[in-house]
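Should a chain be cited, it is by its letter among A, B, C and D, assigned in written order, with residues numbered from 1 in that chain.
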Amino acid sequence: MELYLAALGICAAAAVLAAVVTRRVRVVVSSILGALGCLLAGGVALRILITGSTSTFHTSQLLPMSGLSLTLDPLAALFILASAFVGVAACVYCVGYAHGAMASRTAMTLLFVFILTLLAVPAASSVVSFMFCWELMALSSMLLILTNQAHSSDARAAALWYGVMTQFGAASILLGLLLASLGTDQTFSAIGAHSSQLSPTLRSFAFVLVLLGFASKAGAVPLHVWLPKAHPEAPSPVSALMSSSMVAIGVYGMIRVGEDLLHGGTVWWWVSVAALGVVSAFYGALHATTSTDLKRLLAYSTIDIQGLILIGVGAAGVLNDSGQPVVAHLAMMAVLLLMVAHAGFKGALFLGAGAIEHATGTRNLDRLGGLIHTMPVTAFVVGVSACSIMAVPTLSGFSSEWLLLQGLLHGFADSSTPALIVMLLGVIALALTGGLTAVAFVKVFGIGFLGQPRSSGAADAREVSTSMKVAMGWLVVPSVVIGVVPGAFVALLNRASSSALATPVVSPIDKGTGLVLSQLSGAIEPAALFVGLVVVLIVVWAANQRLAQRRSRRVDAWACGRELQTPRMQYTATSFAEPLQRVFADVLRPQNDVEVTHVAESRYYEQSLLYENRVVDVIEMRGYRPLITAALRVGRFSRRLQNGSIHRYLAFGFVALLVILVVLA
Amino acid sequence: MSATITTSLYGVAATLIQIVAVGLGGPLLVGLMAKVKARAEGRVGAPIVQPLRDLRKLLSKERLHARHSSVVLPLAPMIILAATAVAVAISPLVSTHPFLGSSADILVVVYLLLTGTVAAALAGLDAGTAFGGMGSSRVMTIGALAEPALLVAVIALSIQSGTSNLPSMMSSTIAHPDWVFGPSRLLALGALLIVVIAETGRIPVDNPATHLELTMVHEAMILEYAGPELALFSLGEAMRLGLLFSLVANLFFPWGIATSDSVLALAVGVILLMAKAALVALGVALIEVRSAKLRLFRLPELLAGGFVLSVLAVVTGLVTK
Amino acid sequence: MNSTYVAALELAAGAVLVSAVMTLWRRSVRSIVSMLSLQGMALSAVAIVLALHEHERALFVTGCLVFVVKGLVVPGLLRRVSRLDPRSRESRPLVNVPASLVFAAVLIVLSYVVSSRITSMSPSEASHLVPIGVATVLVGYFMLVTRRRAVSKIVGLILVDNGIALVTFLLTSGVPLIVELGSSLDVLLVVVVLQFLMVSMRRHSDTDQLTEMKALRD
Amino acid sequence: MLILWVLFVPLATTILAASVSWRPWIGWATSASSAAVLGLGIALSVATMTTPELALHGSLRADSLSAFMVVVIGTVSILATLFTPRTMRQEMESGITTSRYARHYVVLMQVFITCMLLAVLTANLGVLWVSIEATTIATTFLVSHRRTDGAFEASWKYVILCSVGIALAFLGTVLIYYAELHTGAGVHSSSLDWTSVMSVAHHLNPNVTRLAFALLVVGYGTKVGLVPMHSWLADAHSQAPAPVSALMSGVLLTVAFYGLLRFRAVAAAALGPTYPRTLLLVVGLASLLLATVMLIAQRDLKRMLAYSSIEHMGLLAIGAAVGTPLAIAAVLLHILGHGITKAVLFLSSGEIYHLEGTTEIAKISGLLARRPVLGGIFGFGLLSLVAFPPFSLFVSELSMARAEVDAGLWWVVAISLACLGVIFAALARHARHMLMGATSSETTVALTTARSVAVPLVTGLVVCVALGVVSWPLQSLLTHAAHGVMS
């Protein structure tokens, strides 16, 4: 615990340092300090996951009227580990990335405060401590979105959306936690010990409230609207942290409150979690395929993966409640593995997107292309991470999704109707999103890195600095390691899962390098698959070299014999996704505008043709905009209350006086 | 100890036999289908071994790379080949316990096939031409729509067996012959057939024999391929076809597959596999002959049909359990 | 002695309420101010009668003070202010006079109902009259709300104060400290308001200007 | 003796300011006097921790609550008076003020502060009323200090509404006194002394006390800015000079609230907790709702801050309604946090007005780009106002919510949180407009903000953070004060 506090202290020191020293020192020294803090926190978390111990800390000197309580248990440690891992990358990345507004005093300080809170929220173990860290996390991330506010009205709007959503979410969580903590001293251990005495209605009510808040943070549809606005607008290291760690903490909250504090509750809680997951996964994947803004695409893909994670959480909850603890553990471990894997590859993708934006000045895929030639390292990082998110064997996305599918598959053995519905919907959602994710990320890599540059920015791109490359490389490691030897993490996952679920069982996964479920049935040895793939690749390569000519000749692309090939003739991201957009037009509701200008002489000849295609978030348009309009209308209407007339003001008091007299008489 | 070594030796042998069988059999199946189609249309058609001859000829040609292409261009066919070969190696096609049988999970096969599709689509985008992009876009669209049907159909089969481990699935089917004609199986078979047609680019999803801009999907994607790379690409595609046909055949009719370690069993396994795959190929060829290619935007209806069939398969499987 | 005391008390208190209602009735500023002056005197009479009955010297002094301040000084000041304004009638009250009177009647009934709950605690001759004080407060407040003229508003304010003072005298004749404090501060406030009015009149030469200012609004 | 010093220091400063004509050093002297008040307040707090009640001749008394209020008044008035020389200089430069009116201003400010100190230190509930009434008189002239049409209008509304309200409070006080006289306990000596009222509070006639407390809530509620008599607040705050607004919003409202807290204890003792709770909840929630809807489409910066004061007073009323020790302690911390935050915001809004020449939200934009320090202070002040951690309002609002849920009032928490959410959205929307956006073409260079402006305001915000993070030394005082007001 002391080391953990020291890690938090180092992050705080980095924040303070960033606030006081000069620009050059600020960027380098405080970033390194921050990275060290994250490394230390990660080390502590790892040790707790290995030993399975739990340690607590309480001081009444901080946080008036309640005191600060921190508890490190394996569940918290796993989330801290994931955040710390991405945190290291974000700090190192900043050394090369921070310029302009991001290098400012405020932004750098807030970055380290944000990292600090990401490390602290999972450990906070009383209502006030949790809300304090949670709100500080929300505040720092909201302000970080505003880093480029002077030049981007989108950033201002995004921060507003995010702030409002997160505040309502926090309110909901607060009320839920306070209800759950009735009759206790508000520490999590006391809530956990006492919650079984609460009435079922109260517990359910508390859970629903908490779920609303956490689901919003986790980016679950329909509470996701802030996410595709906020994640793209934040500076890339912040986007990486938000998308890989902060949304995961939303899931952490659900697990912590639902399973640990309220002991699982009833089945329908988890059915609703899974339902949120199904909707999110599908909606997120669909929007990811049609987005052309690279970071917006990544943000929607985060919603997609979060949906899968929620499906797993829901499945684990349902199975745990209906007496299938072994499979429940399997599902929970799958979720946790997917969370860690997602932290890695989504972090890498966002940092890669940042590198692209840094190098080309745009993140619009329609204006990129050919970057594999100029930015090979970034291309490698994005390529591997994209493959991982597409669940290409033997990368981390594959291992974790396979495990999740195994959880769902064996969940079918449970014959209760809610369980079957959850499993069925989960499988369908996984199946639907798998293909869509592939489209989205083939688009990212194929349009962004292959072909010819579609703009001068893309043509003049240069590879980014060493620190950024190192940071991106660091985040590729988990994709490969978790993918090839997932078995190495089973013990850690089992500890975290056991501290999450009230019914500890023997790990459903055997020890070893692969994932072998001998209690159930099913196994993969990704290491063997990896070796197999490599061997075949080498054999094919060698054979190809032996059997055919070695030298290759560069020629113009043939393209059915067309003479002239310009970059503008390539498929763009928009056109790439157009067929799918058409297929899912009923869900996406794309808006198309065609504007034809005819030549003056004849309307049969067109001078120019303007085609515009937009995909807006239907839920935002149909669900949120009317609410905002209504609120503004109420605001404008109620201005009449204070119309400046003193007669009216006096009348308010007179009426109140009469009411009092009548009531008391 | 020696028994273990023998078992692994047989496993290695089975794996190698499977790879060779699919590597040779895949192109032969393509040839067979062309032959069947030709005959059905009243033509003589090329010999069945024509695809193998084409491969040999392509391998001896000059290696040409398009100007703006990158390392993806030569790498993609190799990845397709590697992914398919590993999928073949782990799948119980000839024997129920090939060398990498511990990972013989049907989901792994599904994801390896997806990997191949991804590599191919990236290859199409690499040269930066309009045709390549069009092909990739269409292939990915079809793939994205076929994926749910494939995965859910596979899950339907796995639920029945209680595992997604391929050897276990097959041995449980052998143990329960009554499953073969159960409604769940038939529905899943229907879904899988549609998926197989989509994944292998056959009519009515795609026409492998056309180079017409409006109808082509796969061919547009590989437009920039020539020589040895084209040969590897075609081989990879043929092996995918072989693998899919063999898997479908074995999943629904696993009898004949070698369950014990003996040369005889392996030999029987190879021959029966050839026969079963040829039967599937015949069926698909006949479907091709009897149907016209669908418009691109009619395809979702077909694939959605496949998806619904597979969901029905799961549901009926759960109901009749 | 006792019946004289009661009669005198009732007469004086009744005069307070009647003058309050009269202010609602009359329209010309001059007569409203006269009513106010009358009310101030009646109020001081209540205090003096009570003081004589209870032998409270301090209350007697207070009564005299009230006579001077509320009966003479404040009305005088008001007259001076109203002379600055050429128009001398309440032009268009927010609630017209007949309706105001009906409403005043309702308020009086209400104050009886309310006061009975208070005075039931320790009934005495004086506390029987508390409803009159409460009614004066309500009528004054009503005037404050419904009359547009600045002078009328101040009169309403003074009515409220007088009503409260009446209640105070009747309920707690014993200890005049806070009574004194209260009434003297009220007077101070009224003077503040008056000064305000004068400054404003010098700027705009129209009292309506002040009450109808609506520049500050949402 | 300490108590007397607390009153003597500002009184002496008042006399000093009245006796010489305006010089900037007089402004600094008033700051020094406020600092002395703060120091004495701290000393008083320490003293009350050991002796629960310090009394002087039966007319002045101090318990932990009074001492805490002295600290609040001292803290906020330091901030406000530090800006006196600057405000006067600016006003004289622009011809709004002459040296004569500057003297009036300083004297009235000191009278204002002295009255507030008297209000919290008096032992007598009648004198409490008198001192609060006296603040009305002082502030009326401060509100109209600029002598514009708007200032006159605001102070006219202010004085009329507050006179009526305070008159009702007087009636309430009289009724309490009446009830005290007839408790049968034979109390006749001490005329509304807090200690003696509390000692017989259990015997007060419930009917009378019920009416009295209702009148007191409406009456003192007027000065607190609670619905239904809140209407003066936005006008007065928006028209008064910034330091006056800061002082009014930061402490005047809460000094009146202090009166309500005292009477709540009396009412709770006489009637049980339900009646005062219901009444305070009604006015508190009504104020909160009103502030919410009024903030949504607010167009003026200072009015926005004023409605936010109504919001916070509503929260305080709700906290007082709960009335548990935790709730009261949270209310007190909230009073201090709100006082400092609001002072910082009003003072920086004064600077904004000085720079922009307007307080219309629609006409201000890109402040952060043009005035990074001032904009930053204002922005962080708003963040403190909407109760983000690590600012102290977060902890106090959270503790109030805890106390409310513990008291079974979770639906109140639900409504309050919903309102706070909407308020956050509204304030964030306005802040986005004012603070953010690109620099306008005329001034492309970011301008610095005077150190004399930045240092006090930043210090204020830092104090807010410290109060919100560190428990020591306030926690025990708050608990002490909360228990003191309960007994």
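By definition in this document, contacts are C-beta pairs under 8 Å (C-beta built on N, C-alpha and C of every residue); 3 or more make two chains touch, one makes a residue touch a chain.
Not measured: the values here are computed from a predicted model.
K.L.:
With centres defined from CA atoms, tell me which chain sits nearest the overall protein centre.
P.N.:
The chain sitting closest to the overall C-alpha centre is A.
K.L.:
By mean C-alpha position, what chain is farthest away from chain B?
P.N.:
In terms of C-alpha centroids, the chain at the greatest distance from chain B is C.
K.L.:
Does A-B or A-D have the larger number of C-beta pairs in contact?
P.N.:
Most C-beta pairs in contact, of the two: A-B.
K.L.:
So what's the Cα centroid distance for chain B and chain D, whole Å?
P.N.:
Going by mean C-alpha positions, chain B sits 77 Å from chain D.
K.L.:
Please work out the Cα centroid separation of chain B and chain C, and write it as a whole number of Å.
P.N.:
100
K.L.:
For chain A versus chain B, what separation do you get between their C-alpha means, in angstrom?
P.N.:
Their C-alpha centroids are separated by 35 Å.
K.L.:
Go ahead and note the Å separation of the Cα centroids belonging to chain A and chain D.
P.N.:
About 43 Å, centre to centre.
K.L.:
Check each residue of chain C and list the ones that touch at least two other chains.
P.N.:
Answer for chain C, listing residues that touch two or more other chains: 114, 117, 141, 144, 153, 213, 215-216, 218.
K.L.:
For chain D, give me the residues that contact two or more of the other chains.
P.N.:
Each of 156-157, 160, 164, 207, 211, 234, 294, 297-298 in chain D touches at least two other chains.
K.L.:
Two or more other chains touching the same residue: where does that happen in chain B?
P.N.:
Touching at least two other chains: none.
K.L.:
Once you draw an edge for every pair of touching chains, what topology comes out, line, ring, star, complete or other?
P.N.:
other
K.L.:
Go through the chains and record each pair that touches.
P.N.:
A-B, A-C, A-D, C-D
K.L.:
Could you list, by residue number, the parts of chain A that touch chain D in their complex?
P.N.:
Interface residues on chain A, with respect to chain D: 60-67, 106, 127-128, 131-132, 135-136, 138-139, 146, 149-151, 153, 156, 159-160, 163-164, 167-168, 171-172, 174-175, 178-179, 182, 186, 631-632, 634-636, 638-639, 641-642, 646, 648-650, 652-653, 655-657, 660-661, 664.
K.L.:
Once bound in the complex, which stretches of chain A touch chain B?
P.N.:
Residues of chain A touching chain B: 289, 369-370, 372-373, 387, 390-393, 398, 402, 405-406, 408-410, 412-413, 415, 420, 424, 427-428, 430-432, 434-436, 438-439, 442-443, 445-447, 449-452, 514, 516, 520-526, 528-529, 532-533, 536-537, 540-541, 544, 547-560, 562, 565, 567, 569-571, 575-580, 582-583.
K.L.:
Which chain D residues qualify as touching chain C in the complex?
P.N.:
Touching chain C: residues 126-127, 129-130, 133-134, 136-137, 140, 144, 149-150, 152-157, 159-160, 163-164, 167, 170-171, 173-175, 177-179, 181-182, 188, 191-192, 205, 207-208, 211, 234-235, 238-239, 294, 297-299, 303 of chain D.
K.L.:
Considering only the defined contacts, which chain C positions touch chain D in the complex?
P.N.:
114, 117-118, 120-122, 137, 141, 144, 153, 157, 160-161, 164, 167-168, 171-172, 174-175, 177-179, 181-182, 185-186, 188-190, 192-193, 196, 199-200, 203, 210, 213, 215-216, 218
K.L.:
Can you tell me which positions in chain B touch chain A when the two form their complex?
P.N.:
59-72, 74, 78-79, 81-83, 85-86, 89-90, 100, 102-103, 105, 107-108, 111-112, 114-115, 117-118, 121-122, 124-134, 136-138, 140-141, 143-152, 155, 158-159, 162-165, 168, 211, 213, 223-224, 227-228, 231-232, 296-297, 300, 307, 311, 314-315, 318, 321
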